[in-house]
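In the two assemblies presented below, subunit A is common to both, partnered first by subunit B and then by subunit C.
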Partner chain A sequence: MNRARLLRIGLKVLRLAAVLLVVSSLCFFSLSLLPGDPARLMLGDTATDEAVATLRSQLGLDLPTMERFGHWLGGVLQGDLGESYRTGQSVTQVLAERAPVTVELIVLSQVIALGLAVPAAIVAAHRRRTGTDRALSLWVFTALSTPDFVVGVVLIWILSVHLGWFPANGYAPWSDGVGPHLSSLIMPAIALAGTSFALYQRVLRADLVETLRQDYIEVARAKGLSLTRITFRHALRPSLLGLSTQIGVTVGMLIGSTVVVESLFGLPGIGDELAGAVTARDYVEVQGLVLVIATCFVLVNALVDVLYPVIDPRLASSRRARGGAR
Partner chain B sequence: MTATAPVPAPVPTPEPRPARRRSRRGGRWTIAERLSAGWLVLLVGGMLLLPALRGIDPLDIGAESRFAKPGAEHWLGADNLGRDLLARALDGAQVSVLIGVGSVLIAALIGVPLGMLSAYYGGPVAAVVSFVVDVILAFPGLVLALGLASFLGASVTNVMIAITVPMFPVFVRLARAQTLALLETEYLEASEVIGTPVLSIMRRDVLPNIAEAILAFGFVSIGRAILIEGSLSFLGIGVPRTQPTWGGMINEGRIYMTTDPLLILVPGAFLLLTILSLNLISDRFLVDGDPVTGARA
Partner chain C sequence: MSAAVPTPAVLPEPGEPLLRVRDLVVEFRTANGPLRAVDGVSLDVARGQRVGIVGESGSGKSVLSRTAMGLLGRKDARISGEITFRGRDLLAMSDKQRRELWGREIAMVFQDPLSSLHPITPIGQQIVETLRRDPALDKAKARARALELLDLVGIPQAERRFRSRAHELSGGMRQRVMIAIAVANSPSLLFADEPTTALDVTVQARILELFDELCRELSIGLVMVSHDLGVVARHTDAVSVMYAGRIAEQGRVDDVLRSPRMRYTSALLAAIPRIEPGRRALPRPIGGLPPDLVNPPAGCRFAPRCAHAVAACTDQVPVLEPSADVPDHAFACWNPTEHPDRTEVAR
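Up next, the complex of A and B:
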């Protein structure tokens, strides 16, 4: 590894740290931007002045802002994100309990999305500009345009209400057995998978079309290799760069979508907790959860950045990092 | 419906930049695109006209029309309180269209000049702008919108702000990338050499050339904004609950889906058709692919 490369990585890490610092300050100072007294807003108009004063001192709102910020940042660095005012649970504890559900939901949805998108993209790329390609593209557009909660509600309507295959609501932990557990997650995962499927199919199809035009594919065809072999041995890997970038971006977006899907299906994940905290105006918890979500998002994207050369070795040698000015 | 679809005169389009995919602006409109345009025209027309014409109040409740089936009285049926579903959907359309178009307009008005200037000046200006963009894009769009909506309080304006904030950085990136590509052209260099003021270069030389890409992305963004608004309303956050919204209607209709699926299907169809139409039409104009997702069609 040469010095220039090390320097570049160092600068990236610094920038990442700076972004995270600003992100956490924003999360903190958002409380000061509230119109009015946060404690009053949390308790509502009916609360007595005494109760408000108690909550103020509980939240440390009577201390100077910068002192509170120092306190808060110190806490965050040690993994202390404050306490939920509704439940008295620490935000860290909430995360530890609920993150596994969300992570599993996202992983499952990605398995579904990729399982559909990769074959659909391969077929569409090989049959470019035929009826098959167009039909797939219409499906993709529809998936891209349907909000998750609409998919979810329709799934509940068909699969739960009419066919009774899956429970409409609620979560069964692993301890209830693999079957009930998976069937409590399958509909939310499908609802969540729609957008990702559409994005993945489009990106991979476009890259595959590009790859299939290359001379070496022509050579492979001329050698009489089978279509399957050409696709999987020669064409697929060089076409994965766009897809992997897309996965990084999408997984971040999905953390947002879980808010809606988890509340719809009553899954005890982070998204559901965030929706509850927002509705109950539990600002401390909102702060903590948003900070964690944003941090995960930034780190996932950074990870994809680091993985580029692994996915596509051509990038390790060339200086051209990513397409143009992006 | 297809007959009313606006068919633009075929204009030969010069291609000033190397594009991965050529815009189909001049080409024939496909059936799907005509249907999309038709739906949008119908929606906006209905939204503006129907409440006035039929004199039906979307908030008007009536015991005798509870769960009414579609018919002459209620074209698309009525909900659990006897409120007309079509009138409610069209009233919800007003909110969605207002928020969708409004937030995208504001996002573009902030983002495009910032992007152009950061491309033109480079250096510290670009560094600051790109840092701000990075920070805002560090939040998943829906999470940021959700947080902002909760902090700002329930109102249509606040939802618009909550959606604009996560959206404008993408316009910055798009305008910046497009401007950077233009800056290498000779006519811009020439314009610079003869001493044209910066603002004039931006307005007369750069903006017209990047307008198409921005417009196309604007259409996709309206769809996205409507999607975020729908999600927020579904969660009951943002738009005040007394105002009918598509997301809110779906949320309220969930309880009755066993007996009266129309309560969720009507607003669901409005949401889906509107976003699908916007996506299909903008795909016609998208040149370099989607700057948010990087997706290339």
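Up next, the complex of A and C:
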């Protein structure tokens, strides 16, 4: 590993850290602007002002905002995300319990979204401007414009209430068996997949249409290769850059969508926890969750960045040619 | 086919020609009406014969070669006429049957080698892929054969180049790779669409010599589409000059380019800059623009730009007919050059 490359990686890490710092401070200060007091919310309306004041000083809420942020940041740098006001549970532990559910939900939804979007994009690109393409477009725009919770409610109504295939609500951990576990995740995953499916199909279709116009596709045809081989071996890979960028952006967006979907389906994930924490003004927990979510988003996009030259080696050599201080 | 279809002037060796095109018409639908890119073209290519198709951009030469190969089919355009490859009707074939021929019996070298090679797949793999159209060839054999091919087309250090990608090679190397791909399965018919236009002159000469060698050694029938008369003069046996979708003049390359009869051919030759001792003629460019093929002029399509047009030229279509003294030299002209001045093409 040469020095230029080390420098590039170092700069990247610094940039990621800067992003996370900005996100954390924005989050912290905007939270402190919100009306409502966690101590008051915890003790209820009947509590005396004195009791509230005591709790506030126990929680450190009487300190100036800047100082609280300093304390919190100091803890974070030592790997301590603090403790929830509500439960006293450490935020790290909350994450350890709840993150797997959300991660699994997102992964499953992405598998569904890509599993549908890639074939749909290929078919649409090969038959562009035909009835098939238009029908797929209609489906895609319907998926794009339907909110997740509407899809969720419709799924519950059809698949749970009428057909009884899946439980309407609740989460079954792996220990309940693979079947029940997946049954409890499949509907929320579908609900979550709608928007991603639509975005992926649009992006990949557009890139494929462009690739299929390239000379090397005509050459592949003139070699007598089959349409399947031309599609998968020649057209698909050069068309993946837009899709990978879109996946990076979408995964970040999905973490927000899990708030609604997890609440609707009663899944004990991060989204559900975050909703509760915001309602209770549980500043410390919200901070911790947002920091972790932001980190995931940044890491996913860094991963996409690293993947670009793997998908298209021309990018690697042009980066080298530029001297590579990026 | 009706008896009215003219026989092309250049007769191949006795026996069935490799490629036989008769009265081919290719028409595209456009917003302004049907566009006849190719209008009644007949052409024969024999094994080992090198046939040039010359014309300006938009004269229909690329559409002609793509249709003759079958890459442009009835799905893409309205096509009438007859195309037979080794006695088989190409236009009547299914997509699958045509695909069987492509890359094995018929191949094409395209104009721009950079955009024609896959940007990501290493070039060796692109040759292997073509070779593996032959089910008898396993991976190892195909790889060995690909290395031989790279060597055959004159790429040094084939072993190392095998893993290179298109953007890592020079223009000439890329076109050599394209040629290696095209001849991988020893096709009997090879189309080359402006194969050297994207290359500089010294590389161009070497690539054209490579074509000559391959035609001679593998007795490939070559159809070379070019706008460059010099290239065609030196590297083909027969030539068809196209203008606005029609054949203007057709014959042995020596006859057509040394004593052109059709006015368009002579105008084309006069437009080439030439430096000869004792005779310094400035190139005379052809005035005007090629006609609009949606609404082509009546009569001879070159008439509006022709300095020698007579009354018949603007109202009657000239027929492609053999000349009286040289039977395999045909031209379509109402007022041909009577005493050909034995124009010398730079050889």
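What to note about this one:
Rule of thumb we're sticking to: the second predicted complex is superposed on the first by the 284 of 326 C-alpha atoms of A that agree within 3 Å, B and C clash if a C-alpha of one lies under 4 Å from a C-alpha of the other, contacts with A are read in each partner's own complex, and residues count from 1 in each chain.
Keep this in mind: contacts are C-beta pairs under 8 Å (C-beta built on N, C-alpha and C of every residue); 3 or more make two chains touch, one makes a residue touch a chain.
Keep in mind that this is a model prediction, so the values were computed, not measured.
Comparing subunit B with subunit C, the partner in contact with more residues of subunit A is B.
Touch criterion not met for A:Phe29: it reaches neither subunit B nor subunit C. Of the two partner chains placed by superposition, only subunit B is touched by A:Val286; subunit C is not.
In the superposition on chain A, A:Val219 contacts subunit C only, with no contact to subunit B. Of the two partner chains placed by the overlay, only subunit B lies in contact with A:Val249; subunit C stays clear of it.
Of the two partner chains placed by the overlay, only subunit B lies in contact with A:Val161; subunit C stays clear of it. In the three-chain superposition model, subunit A touches subunit B and subunit C at no common residue. Residues 32, 131, 134-135, 138-144, 146-147, 149-153, 173, 176-177, 180-181, 223, 227, 230-231, 234-237, 247, 250, 254, 257-258, 261, 264, 268, 271-272, 275-276, 278-280, 283, 289, 291-297 of subunit B touch subunit A in their complex. Subunit A meets subunit B in the complex at residues 15, 18-20, 22-23, 26, 30, 33-35, 138, 141-142, 144-150, 153-154, 156-157, 161, 199, 202-203, 206-207, 242, 245-246, 249-250, 252-253, 255-257, 259-260, 263-264, 274-275, 278-279, 281, 283, 286, 290, 293-294, 297-298, 324-326. Those residues of subunit A lying in contact with subunit C across their complex are 214-216, 218-226, 233-234, 237-238, 312-314, 317. Contacts from subunit C toward subunit A in the complex involve residues 69, 71, 99-104, 107-108, 110, 112, 115-121, 129-130, 133, 165, 167-168, 178, 181.
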